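Look for chain A in each of the two complexes below; its partner is chain B in the first and chain C in the second.
Our next item is the complex of A and B:
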């Protein structure tokens, strides 16, 4: 037993190099860096959580990545967005842009808050993280299109999208929109904060693009049965 | 063929043993015989097919005699090396043999070895048929009688469980939530282990079918009736956190507790940390303050990660030294060194929590090598049509 299991615990290179492989053996489990999970006492765990904990106690765990911490400011969605904004591995610049964007959004919202009449003050959202999440939610498409070949022709067929795909599309549209459709003198963070605030109130080009995709999917509804999976 | 080869090797070694080595203490001819004879039979280890080995080559009395000789030889070897024969372990034997018979050979199987006969001689089965030539087991002519009889037994047990369930249904005592066998923390027998158990070689397909049948048995609600049978074919997995080496806490002359995190690697960066339990929370890296050394927020967050996770942010004083790599890998190396240094201050449950958060695993990711025929690790050369 020991002889074959020690081989699973070392950093490995798989015998056949696939395109997506990692230095961890598939035996390793993902880490869970959040603090709160570990402070739940034994009695309040559900059976699934108990089973998960027991499984984790016998399996080796991967190391936490560089961008992950247990602090409250660590946001996985935001980290993903920063990585997508990054060019040539320059995370410092990408993170800087995002920080400036959030600050800018906060300033604009606080200005609006102070100018608003008493009754409307409660409706104005000042938390930039909440605005970011809500804007991203508003940009996520519900249904997507894919190209399927049937009888020599290619048709655009509506398909359901996974959560990861939806999030990716929303982020991608946001970034490309901010890179392409801006005046050459506006800085990235300025344009990004404008777009995010627009998306938060369901206006702007990104939300328009999402609606267009939905309309296309609706118009191609007849081809939905071409999908076989 | 192997026997004749062994005899020549044995005689050669016998002569070698006579001329090259002077034993200090009284060594009997028996020891040299034992050692040289054990060396001859190491070729047996190459034997692959256990069931088709034919009639047994080594009788039971022979194996017993080998075991006695091995034990006597072990005691003589202990005497020779000047150690206590009562507490002479296999590791000591290996070291003594490597000392007495230094070998420059690369092939591990060609080097001299002295192991217990149970490890040297493969497990064999006694003769499977009686004096009249008629085999004892009814599945002998399948060729894999132990394997098929095991499958037969397992299926019989599955049928028995189903019959039990039907009986309970008849009496209206059937419940879906009967006590289940706990499978967490154990794994199925590996194919090699099963072969060892059955003293028979089985194919991958056979092994897969065996696991499938066991899973089917486990899918029945009342399988806990056959729990003993199932557990015989499962092995416990060891708890991973017990493998963590925790350094004991050290105290300096002022009575302040301190602990060192040994140099940890992250992608060619190595870092060491000296954690002091003084309560100020200052961090110095290579002599400079950490704010000046790591101007990027992400790196400082990585340093704080283990402390924040355990809730001991302002408690420790740290003196770190780091070299190699870039700023990110230096931060990663320091994080691992800090986590390891902190282990001495924590309890077992907290060590396990840190391990599950991914703080104690060294990151094995390295730069992927460049391949021939490509420009980099992934980038191919520009495609030219002609």
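Our next item is the complex of A and C:
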């Protein structure tokens, strides 16, 4: 609906329109905080980029959120993880836990690297960001289950998942696992780093949970035709 | 396995240029490492130096890292290093210290001082995280390699706060003893100065209880062992040890030089967070350990040096922006320390920052792909303002 109305909307139309989660008039463009885009000289722009630039000079732009930076170290997946870990809006604590986790992972790996013999050094991955992304990939389920009612009973039917849903499930499982299944005295960052390192090598409870979901979906294959979309 | 060739292709190749450095011939030639280590490749790295002896380091080594030999590490530094640095040593499997201007200045003063005159007191001061404790540790390493007796108090603030057991002193009615802190310190003192414990003989008889006493002429090691085992009288043992060392430091027969290194010296004057049983606050002079340490810092003895550091980090009732001697020591402290030689410790210069950055790259500590680019480096300079500890914390998660 918003797509069809875009042609009719003008800058003077009220900014606030209730469209799903966004309270912005769809006429407003997204902010682009990355600096590299603006450093490309005029001659090297593709036609799409030229069009985009012209559009940006005419249309109003939404305000950027606080979590978005032009820093080269900004990572959207990590920001999403921090937001999911946040409780009561306390992002400082959540970000602190994540930075401690990254440091802890890096320390463990770098220590292993320096003590390893020459041949084994290339196999040890020391980059905590690479480990984090790979671990998350290893935790993402390929297929999900949903409850569909047919003939008075509810069946667990296997369905395909969108990318966003898969990423959300992986992060959610990771966080709940680290919150619930740890010793009272283990700190969150310690448990998170252990789980992430385990998930990186495809071991650990989160990857096990993903495999169990896959097995359930496989066993309920017969009900797949209950899905009508 | 310490390999020095940079494996990451950095744009400025000048870092790998073989620097023609004149080999200084004053008897401190190139140090050959122990036979077990591999021979270093010929590329000179700009951030490391082969000169591992603090005696032979000079201005040309400024900004470069030297390695503390692993054999020295546990004897010279059982306590006293900052906790994050200890973690770093464990991770990198080596202990490297940067040669910086304040430490070089201190060491040159120590080399040229006259030890028959009353002790000189040096005070390291600077903003939070600028490297005061590390400079102190560098100087302590120098004193250790020169054969001095080192009295290293890792943090004087630990003695004026968070004390679980506060016993009334048996020696003096209105003072309080801290058995745990005293026995811990004595244990570390024993590790640092093993070779001196048998050589120094006591000059006085000390009576601990009706049945126990330490006779004149016995070695210092016995006194220290007694203090470690009999925890109740360990604070008095500390006092006795300090007194003996003070008397014997400048002696002509078998004289040794005494280095008193105190970190966070501003904790000795000021307030404590300890309370007596009637909830009234304890003043620092009512603690045996603090009382004896203050006597040590006075310049009424000779044959050594007192090197102190100010510290806001562990201090009590001091605002976080305070870093100057006047602010942190207070009136009483400043009058006791006066006259002293102030040594300011500044943030990293450009050369030192470069060195630190290259060291982290070499040790595979900067893992984020963007942190190895020019953009990332500029961002690090901006975010940390070249403050050593802030840079370390930033690089920890990048």
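Rule of thumb we're sticking to: the second predicted complex is superposed on the first by the 187 of 229 C-alpha atoms of A that agree within 3 Å, B and C clash if a C-alpha of one lies under 4 Å from a C-alpha of the other, contacts with A are read in each partner's own complex, and residues count from 1 in each chain.
Throughout what follows, a residue touches a chain if its C-beta (ideal position, glycine included) is under 8 Å from a C-beta of that chain, and two chains touch if they have at least 3 such contacts.
Remember, predicted model here, so these are calculated numbers, not experimental data.
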In the superposed arrangement, does A:32 touch chain B (first), chain C (second), both or neither?
first
Of the two partner chains, chain B (first) and chain C (second), which one does A:23 touch, if any: first, second, both, or neither?
first
Is A:51 in contact with chain B, with chain C, with both, or with neither (first, second, both, neither)?
first
With both structures placed on chain A, which of the two partners, chain B or chain C, ends up touching more residues of chain A?
B
Touching A:71, do we find chain B (first), chain C (second), both, or neither?
both
Touching A:168, do we find chain B (first), chain C (second), both, or neither?
neither
For chain A, which residues lie in the overlap of the chain B contacts and the chain C contacts?
71
Per the touch rule, the chain C residues reaching chain A in their complex are 1, 87, 90-93, 363-365, 367-371, 373, 375-376, 379, 396-398
Per the touch rule above, chain A residues touching chain B in the complex are 1, 4, 11, 22-24, 31-33, 35, 38, 51, 54-64, 66-71, 74, 91-92, 95
Residues of chain B touching chain A in the complex:
184-185, 190, 192-193, 235, 237-241, 296-298, 301-302, 304-305, 308-309, 311, 328, 331-332, 336, 352-353, 355-359, 361-366
Residues on chain A engaged by chain C in the complex (per definition of touch):
71-73, 99-100, 102-103, 106-107, 110-111, 113-115, 118, 126-130
